[in-house]
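Look for chain A in each of the two complexes below; its partner is chain B in the first and chain C in the second.
Our next item is the complex of A and B:
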């Protein structure tokens, strides 16, 4: 996070990020198949959702489990706008983001006076209420159990499914990069300092002038805006949105992504999304057992790698940086 | 009266049947060190919690620079110019030493919204606070890793970074060794020379007595005695309840 880094380590960071971006950009050329492109697109969308979730859970320490509800709300909003009012998908994405933000205020305000596990219970209840609202929707305004279908799908041009999916993938990747940059900027601004200090000790932060409620609502709003936008983008990618997106196993898989990747770290959620989504694809034959497998993997991560898979990778990088410094006989004094 | 910076009138806080602070009145003068001591459970920390807004008073008034602050939110009290430290070392653990001070420097006087950058002014306040408390060399260390002495100094640094008018120190030297106590006493003296008004809760008499201009002894949430350190040492009631014969004679 903000641990002291040597110049070599910072340079290595840039090299690694550049490398990761190059792989992300070149991946469609190597994996020239519709199947892999669909996996990659979903990785981008879920990584955005997890980055936003990590902001509120990892950095602000607010145990909000309304994340998928806000995601799906973004999807339903744009679907309704598209079906009833003929709005364009991008306009629908903005609407989805705004509606999710407003909804997050409805969740955020009552949860302000709660702490830890109680926030988890309240937000999970919100998730369940929301799911039931859709399933039990008897007059079919929201399409009931089947959800909403047959609204506009993304069309970024191109001939044939692979070419079309490749373009959609690049748009999703661009959105992931933009969302990550925005979150990076927030974490390293006074806002991020307020979130982290409130997470570590509310009494401390309050006594140093940090207005608690204002910043808690702010982190709800920022996280929900990004999440709602991603949900709307997802709905237009599938051309459908339904309450099955709120199933418990999906919530668990999503949670496995940030826990296994490493919450409270910047790259953890992205890494976790990639690892868990790829594993999810490889383990398709196990069907329902996958939730159990990810649950066990989560427990193992919490015990053996509390800071997630990024922690050993970061340690490896720091050792590499130290080795480079040593070989160079660098005059830089070692950090700390 | 204009010398009174902080004034409490009939301040009371009950927790159920227990009156942790009971009908307490006191005034703190600008520029002085006001010492507070008394047996465990006398209500000293509750008094600080009331003054800093962490606990709301059951009744009574607190006036700071002529303004009523009883029941005001902690962050607003900080913005007005009252900063405190805590009895148990309380820091923003995952943040570095510099980030801890930055919380105070950036938010300490800011009622508005946060910007995207910290700004040179706040950076300068961080540097000053760390230099004053002797933590400059440790600015990049994670606060949770610091030994107790440094954590206690860091609480002072982040409080100073808010540019307070009153600094409230809750047992700053408790749990420190002799050398560290002496260093802390020197730090508090330096702070007073900058014109800061200090309220000091302390059990360690060798720190409290030489530093304080006036001392208040609390007992069962009430004021047992108040006066110059020498008067307090000689007060038979204080000796009976709190100091004991030996300390009183010292």
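Our next item is the complex of A and C:
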């Protein structure tokens, strides 16, 4: 690709991101319904989790399936802090993020020395252990199967449910933007480069002295911190957290979001979250079919669109950039 | 003392079923180097096929087992053609095939639920009657039959792998795909054969388990697929003898936990056990070397 094309392409990137942000900011004013605001808030929260998950599964090559466990752990932490110690939700969010980070180290230290299928199974094992421990909790410290309820919900002021939800949505959107910026910085840092080199040519990367294990632990911790924070935010949004948040179907839906959007791409998880969540809402009346459709869509995407839905969109954008370049080239040839 | 005999009895029955399930994973992993996560759903499908043949059509139990093996084996070939074959050889295909077989598994499980409904169904007995030994242990002939069927299937598999040309080709592909190809083995056909065999084994495991549980439902496969994976990894991915030993060790361990700690602790204890094993001995029982742990 020649230099002017990539410059136009970068400019188009900025225009498109600006457009997407504008739509995200204006959406509540246009939709102005409690139902749609709830959908948008959940999209923001799950997009954060999926971004963090994609960072490790798509970029760092860690096939971790403990992401939902870390998310729920953040929620339980803040719920317990709120119920027992009366902590404020924001403090609880930080506590949730810290606990999820510590838990990720408990998972990561034995798992991340291993590879591939072993990581997949060990992390899934942790997921199952957490789920069972919450359900088995007979002395009701964690509320057993019903989980924890009746703790403080977010209150960012405002009158009426639409106004309240609008404010919560803007906070969630801000969190999504911050999390995405952090993840963008990591991907484009020397560490991100190291990960891509590990993913694409492991032997070469190791021979150049990339400290694989330490980097993996670090990125796993960062991902867990973001995920735990999102989990705590989610718990205070719903005002409840329970082991059903760890259901296999939910894990699969999250997976479908990343895969359909495009794993290993920056915008893929966000796009996938929006597409799958909206489809999910449309299919509400077909409880049975919806898991089937997501499963089939996941298989079809892996086979026909390995980079997910962002790939054709990116191709479209590049063609547009080329077209702009061609027109500009006719009118005003670039200076040599 | 009687508690111990209960543990051994239950452990042997579970081990016999886990061995089939784990052999399914290990055969496929050994030859194709990927985890076939559709096996959990195929396990359930096998149980439903036998339920239709023996329960609803009233044919003998052996027809149900053979029918499940054959039909689910064919389904396994279908899974290979649809979800695995287009991916083989692509960069990063190991994770891609994990995701696509997981997706296919979800589809199969949901289809089972659409056809037979989400509720439990009663599974017919293979053999009735039981034998009382001492004051705690009651040996059901049903479970003895389950262990016998599992042993017969494993023996047949062993003869197939060691004595037949196709078995030789499977082992050759597992050891070195390119060399096997250069020596005239049709790798694609071997892959299909392996997928059929693995799926068939999972199906028989599903039939046997549901006869032990005397019931079946569409989600039974998931937790048993996880157990099968635990056994496979513990045994050392791709090693058949390691897998067999691991299946009975895990079966006994699970029976021990459920007798002394209670049913609910089975899965958490199992996973903690696996984590400890992998930290101490990452290659599993068979001791796969570090380079092969990919």
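A few notes on this one:
Quick note on the criterion: the second predicted complex is superposed on the first by the 323 of 336 C-alpha atoms of A that agree within 3 Å, B and C clash if a C-alpha of one lies under 4 Å from a C-alpha of the other, contacts with A are read in each partner's own complex, and residues count from 1 in each chain.
Methods note: a contact is a pair of C-beta atoms (placed from the backbone, for glycine too) under 8 Å apart; a residue touches a chain by one contact, two chains touch by 3 or more.
Bear in mind that the values here come from a model prediction, so they are computed numbers and not experimental data.
In the superposed model, A:121 makes contact with chain C only, not with chain B. For chain A, the partner touching the most residues, choosing from chain B and chain C, is C.
In the superposition on chain A, A:207 makes contact with chain B only, not with chain C. In the superposed model, A:252 makes contact with chain C only, not with chain B. By the touch criterion stated above, A:194 is placed in contact with chain B alone, chain C being left untouched. With both structures placed on the common chain, the touch criterion links A:185 to chain B but leaves chain C unconnected. Note: residues 200 of chain A belong to the chain B contact set and to the chain C contact set alike, using the contact criterion stated above.
Here chain B touches chain A in the complex through residues 52-54, 73-75, 78-79, 83-84, 86, 90-96, 99-100, 102-104, 106-110, 113-118, 140-142, 158-159, 161-162, going by the rule given at the top.
Considering their complex, residues 57, 63, 110, 113-118, 120-122, 124-126, 128-129, 132-133, 135-136, 199-200, 248, 252, 255-256, 259, 288-289, 291-292, 294-299, 302-303, 306 of chain A touch chain C. Within the complex formed with chain B, the chain A residues making contact are 1-4, 185, 189-191, 193-194, 196-197, 200-201, 203-212, 214-215, 264, 335-336. For chain C in complex with chain A, the residues that touch the partner chain are 29, 34-35, 82-83, 86-87, 90-92, 94-96, 98-100, 102-107, 110-111, 113-114, 222, 226, 229-230, 233, 237, 264-265, 267-268, 271-272, 274-275, 278-279, 282, 293-294.
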